[in-house]
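You will see two complexes here that share chain A, one where it goes with chain B and one where it goes with chain C.
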Partner chain A sequence: MKVTIDGHDVEVEAGATVLEAVRAAGGWVPTLCFDERQAPFGACRVCLVGAAGARGPIPACTTPCRDGLEIDTADERARRVAKAVVELVLSELPVPPAPHTELATVARSLGVEDVRWPGATHRVDHDERHPYLAFQHELCISCGRCVRACDEVQGAFALTATGRGFTANVTAGLDAGFRDSTCVSCGACADTCPTDAITEITLL
Partner chain B sequence: MSKNLVELVRRTHAVRAPTALEVLKAAIDDHGEITDDDRRAASAASGLPEAAVYGVSTFYDDLLVARGERHVRVCTGTACFAATGDAHVDELRDALGLALGQRRADGSLSLGETVCLGFCHSSPAVRDGDVVDAGADVIERVLAGATRAAPEPDWVSALPRPVLTEPGDWSGLERALAEHTPESLLEEVRAATVRGRGGAGFPAGDKWGFARASPGAQKFIVANGDEGDPGSYIDKYLMERNPALVLEGMALAGYAVGADHGFVLCRSEYPLSKPSLEAAVDEARAAGLLGEDIRGSGFSFDITILEGAGSYVVGEETALLACVEGLRGTVSARPPFPAQSGLYGLPTVVNNTETLANIPFVAREGAQAYRDLSPGATPGSKLVCFNERFARPGVYEVRFGTPIRELCDELAGGMRDGHQLRAMQIGGPLAGILPGSLIDTRFDLDDLVAVGCMVGHGGIVAFDERTDMRALARHLLHFGTSESCGKCFPCRIGLRRAYEMFSGPEPVDRTRLEELLEALELGSLCAHGGGMPAPIRSLLTHFADELGLRA
Partner chain C sequence: MSDERFDLTVSTTCGYCGVGCRLEAHARGGKIASISPALDGPANEGHTCLKGRFAHQFSRSRERLTAPLIREGSGFRLASWEEATNRIVAELTRIKAAHGPDAIAGLASSRATNEDCYAMARLIRAAIGTNNLDNCSRVCHSPTSFALRRSFGLSGATGSFTDFDYADAAILIGANPTEGHPVVGARIKQATLRGLRLVTIDPRRIELADYGVLHLSPRPGTNAAVMLGLTHVVRRDGLIDRAFIDERTEGYEALEELLEAYAPDAVEEITGIPAADLEAAAHIYAEAENACISWGLGVTEHKYGSEVVQLICNLALMTGKVGRVGSALLPLRGQNNVQGSSDMGALPDTYTAYRRVDDEEVAQSFERAWGVPLSRNKGFTIPQMFDAAVDGRLKAMWIFGEDVAQTDPNTAHVVHALESLEFLVCQDIFETETTRYADVILPASAFLEKAGTFTNAERRFQLVAPAIDPPGSAKTDFEILTMMSRALGHDMGWASPAECMDEIAALTPEYAGVSHERIGRRGLQWPVAADGTDSPVLYEREFSLPGGRGRFAALPYKAPGDSADDEFPIILITGRRLQHYNAGTMTRRTNNLELFGEDWLEIHPDDAERLWIKSGDKVSVRSRVGRIETVARVTDRIEPGHVFTAFHFPEVRTNLLIGSSADVNTSCPEYKVVAVDVRPVPEMAARTPALATH
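So, the complex of A and B:
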């Protein structure tokens, strides 16, 4: 089927998502919870784009294409909401994300400079019991990528989302650390994490 | 939602094992808290990995507060707020010397919070063990250890021939099996234009049509009895006073769609609902109206009753299905819709209990008779309920299109004790707030949308002249942030920030607030984050000078 991305036509397979079409057209929209190795999740809402005829912006990662769809990746409302959401995400962290992380990169690309939200931040909680994997829970933004990597890619099921609402986070096993869980130390979680909440400890 | 976790649960479910959530609920009911041994047992019984069980155990309200020998839960719903401005919560907390969520060191007593107990007709309400007491003197009785089950008013139909308040007698199913093919029943429901009663108003016939057209040998019907709207006790009445009508509606849906099993998910906040539904299932099985080859028709259908564990968002259909599977009750992006891939990944119809209760009438009397119930308005009838601020609060069956003034004054008797009506929230926490000046609006889907409000599920909560509108905004946003499932970022963080804007003494920056409301409305994954701005916008429109906005 044919879809139009920012004025350029592109052919996509049936079942392709809008995000896939944008990428096929050589375009770009920011994402935080998306990892192409995993099923789309639709949590971060940073990939919102404009669609002709739609009442409001649509999430690119979870919306399937239909023939003739016209997408505007620069849609003003979509970019405004995405920027507001990234500012909210930065506001829940007690410290800014490291400059090399995906979160910091997306924030720069959307022009999020100041975080104007005072208020609660995540409690600092470092888990360094595992020899190779470190978990800084306060940097977790609940994008679910580590949980899905462990589930969909590795099949170890060692990680889970915890809590709900603002206190949502991630933990391993029965919250007793990676070591006392079914973790196989593959590092897929650290590899996909967009904030360095989970990192590999390098000894070299 | 993880396809792998769903598949693990499905495989185990095939041998009728309990879900992880059921095991965890039984554990805390048994010994007052959840231990790692309980989590391991839930994992072994359900097929869910231990980490996933841990995630479930940290999601639902009922599993989070360690219980004393006596466990008291105070209702913090909107009707209770309208009655006392939350003074009942402070009074109970101070008198017991316990914070919400705290247990005495000796284990004798614990205090929790619950939203909402469905005793909005007699607010404030408190649950003491499994006894729900309510009324102006309830705190005194709790402190004296003398709680009693509060009376619940009878429901009343304003229709000459009641549809929803008359006991279901299964005659709709009998007639459909004798006279309808599944296709012709589906056409009848389509022709009747049964709009969903859970809040969204989606045509039930279309939903059924999608599920019927989905390929698959096994399909399910799920009745959404997770009536989480604070201020609403309509499904409570249906499930506890007329469960047969809901079950009959499910069987009819099963016949039309080609499903052979149904589930009702009712609320744990209504301790009487599950036993009442189960008794009705037993009766129907004994009468040959559920089970194999019903009335020799070749149609088989059975129903399982499940109970939630405290989560508003589980009323959203994808979260509801996750809860039925015993998983964390978080929302999943659609598509796929449940009609294509629902419970255990199979085609599933999710209908509100009241929607299903409308179906037996359609099957028995036909589409035209159904459309004639509310001439010139949305077809069928609607149950509405009123909060304690009215003189005659209760559940009433009404015609769509009735002026709201008539509902409030003639049925509910106007405000009690000479109080003045300032505003109403109709249709739940995601609905706009109707100022008293717009009381002549017709009670119908489009009419209410035109004034920034909605029919929603039909709960009507009045606020009188004593209500502090800034405190109301704070109350609603506290509910919003507490109940966010935490999946999508705008709702998870944005509702917290909105609540914080109203929770301190500082004036609220209106421009920043409106930026935040836009991000919630346009960015949220489901109607929770998307809908919570609606009442705040109403307050900004009608009561801006009372919200403590920055000049």
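So, the complex of A and C:
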């Protein structure tokens, strides 16, 4: 079927998402909770785009295309919401994310510079008991990518989302740490993490 | 990922197992800082395991060989490349003059690149003049290669690992991929979560057994009876594909006759598998629209391993489950380039693409290309080399990237052979158990330091590119082999591994269209036509045998080479651990050791209780040929009457226990069935086992 991305027509297979159509058209939308190795999740709301006739912005990663859909990736309201989301995410971190991380890249691309909301930030909490994998819990933004990598890519089922609201985070086993959980040390979590909340010890 | 933390990022192919993960190697200050999976890797699709991703510290280990070493008294001294070269040329020339070229033998390495293996083959065949050449696939998947050529025609998987994603059912026999081939293990596990009906067949209750619909636990050494039993049920219950049998195969009638003797009850007697489970397994496989069969060393490393692989092929042929996406036979090849090292002709009886050394036309084509006369006589296989060294026919060996004194069976015999040689060259990245017996040790390079190609278990040529330099004055294997050949008077004339691959392609119709440029990021699955068209699926229309027909093999079950008796009442099975790789030369020099630092012997609770053994106890394991000491771990993942351990640790030296029983067709050792006596060691155990006296 045919969809229009920023004025350009593109042919996509039935079942393709708006994000896939945007990428097929050579376009770009920022994403934070998306990883092409995992099923779309739709948690972060950073991939919002405008759709002709819709009441408001729609998430590109989880919305399936329909024939004739017209998408505006530069939709002003979608960009404004996405920017606010990233700003809120950053406001919870005690330190800015490292420049190479996806979160930092997305923040730069959306022009988020200063965070306007001072206040409580995550408590610094590091776990370096594993020879290769470290938690920096204060950088966790609860995007769920590590948990899904562990479940959907490796199948070790070692990681779990934990806590609620501001204290939401991720843990291996029942707070057992990587070594004493069912973790097989594949590192898929560190590979997908957009903030270095899980990272390689050697790169710290 | 390009970022400020790294100076250089290079796309390459993993040097651990045969899955062939494509990796991004990130270097900083001339050292590997990190490795991440390539998102477009055909076999790994953005994933890899703890070996590929993290176990790279060995590359900067202080124990790396950085200069040539020459034996002096009981030790070694540093030497220049010039001195090492002169010594090698002088000794090999002397031995060749005194005893003829067949007194010299070479081993290529399944960890090295295709170009390295081809260079080694050319060095031994052209510069030395003998076919005494083999590689470590001899001791792992040579039975697979032999059987696939017999049954289907070509020595490789019929499809790709992605076939698991399109299959409705699968049989996994004699393999533990979540540890041995973790990325394929993860793929199979994900497929089961989406509904793949998996049947696991293994004496141990492997992790994937928990995700399958049925687990069969045969007595070690009875795989042939299991396959014949499955085949019997498929035929008895009318689940065969008659049209496929009629149009595309031959020899079915002879098999039908044989099958009469393998009714489920009879098979239960031999294997211990309940008849009803065997019947259920046959139905799961045969009734699926598409189904795959995958196997590992639990099938091949047996006295009749090559016959079992043919019996596996029978099952696929009679149900028509071969030659299309989703229905593939996928052997899990052990090392990164165990497919390629044999493809390249690093074997005593074949040139590239398994063409026989006594095939006049083929031999002449190589004689024209290399400008020297070549022997038409088959050379020694690895076990034959050791026998010949002991009885004095073999005087010199060149062992490249292989630690035979740790990994080959009957260690005491191997050591006796190495000690009997007049001259031994070892080419490696570390000193190993084998280099202790060397006269010259050449410092070589790891996969992160070299250029060339590996061929993975899917027959896919993939590029290997250097991210760092070899340490000190170490050289790449390609440089060493071409330099030594030149010094021996045979200049191979290649400026680069890419030029070497061009020669391979020019001399090998099956790889006619292969070049480094064409391989690119996506790889090429052989056969590759001259125009570059590759072959993800084999046998879509016909088999690569005369007449185009697949061949059934009517081979009866025969008892394994060893069996339990009063003196040795328990069967030892050996295998691998997730955290370690083969002889452990690389992984034992990384933090993987922190995750798994000491091996253990798995023993069933019933046996443990009877023998007064508990987890953590030191135990003695004695076989007909040797004895080791290790630590027990009680687990019900193994059946009563069996014990299991790995062979990664020289401190344990498991292969002291393995006798000389080997596959009848390929002499692949029977690592998987060894009768042993297990008992607790009451006092503090010796950590280094003594070699048996010879």
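Criterion: the second predicted complex is superposed on the first by the 202 of 204 C-alpha atoms of A that agree within 3 Å, B and C clash if a C-alpha of one lies under 4 Å from a C-alpha of the other, contacts with A are read in each partner's own complex, and residues count from 1 in each chain.
Everything below uses one rule, namely that contacts are C-beta pairs under 8 Å (C-beta built on N, C-alpha and C of every residue); 3 or more make two chains touch, one makes a residue touch a chain.
Model, not experiment: these values are computed from the prediction.
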Requested in this report: Assess the superposed three-chain arrangement around chain A: do chain B and chain C clash, or do they fit?
Outcome: fit
Query raised in the report: Which one hits more chain A residues, chain B or chain C?
Result: B
Report task. Quick one: classify A:36 as touching chain B (first), chain C (second), both or neither. Result -> second
Report task. May I ask you to decide whether A:155 touches chain B, chain C, both, or neither, giving the answer as first, second, both or neither? Result -> both
Requested in this report: Check the residue A:124 against both partner chains and state whether it touches chain B (first), chain C (second), both, or neither.
Outcome: neither
Requested in this report: Answer with first, second, both or neither: which of chain B and chain C does A:173 touch in the superposed model?
Outcome: first
Query raised in the report: With the two structures laid over each other on chain A, which partner does A:85 touch: chain B (first), chain C (second), both, or neither?
Result: first
Report task. Check the residue A:100 against both partner chains and state whether it touches chain B (first), chain C (second), both, or neither. Result -> second
Query - Following superposition on chain A: angle at chain A, chain B versus chain C, Cα, nearest 10° - result: 120
Query raised in the report: Who does A:200 touch here: chain B (first), chain C (second), both, or neither?
Result: second
Requested in this report: Scan A:44 for contacts with chain B and chain C and give back first, second, both or neither.
Outcome: first
Query raised in the report: Smallest separation in Å between any Cα of chain B and any Cα of chain C in the superposed model?
Result: 6
Query raised in the report: For chain A, what residues appear in both contact lists, the one with chain B and the one with chain C?
Result: 152, 155
Report summary line: Listed in rising order, the residues of chain C that touch chain A in the complex are 1, 3-5, 33-34, 36-37, 39, 45-50, 53-54, 178, 182, 186, 189-190, 193, 578-579, 591-592, 594-595
**Report entry** Complex contacts: residues of chain A adjacent to chain C
**Finding:** 36-37, 99-100, 131-132, 152-155, 179, 184-188, 191, 200, 202-203
Query raised in the report: Which chain A residues qualify as touching chain B in the complex?
Result: 32, 39-46, 48, 56-57, 59, 62, 64, 77-78, 80-82, 84-85, 88-89, 91-92, 116-120, 141-142, 144, 147-148, 151-152, 155, 157-168, 171-175, 181-182
Query - Of all residues in chain B, those that touch chain A in their complex - result: 2-5, 36, 39-40, 49-52, 54-55, 58-59, 311, 328, 330, 332-333, 335, 481-490, 492-497, 500, 512, 515-516, 518-519, 521-525
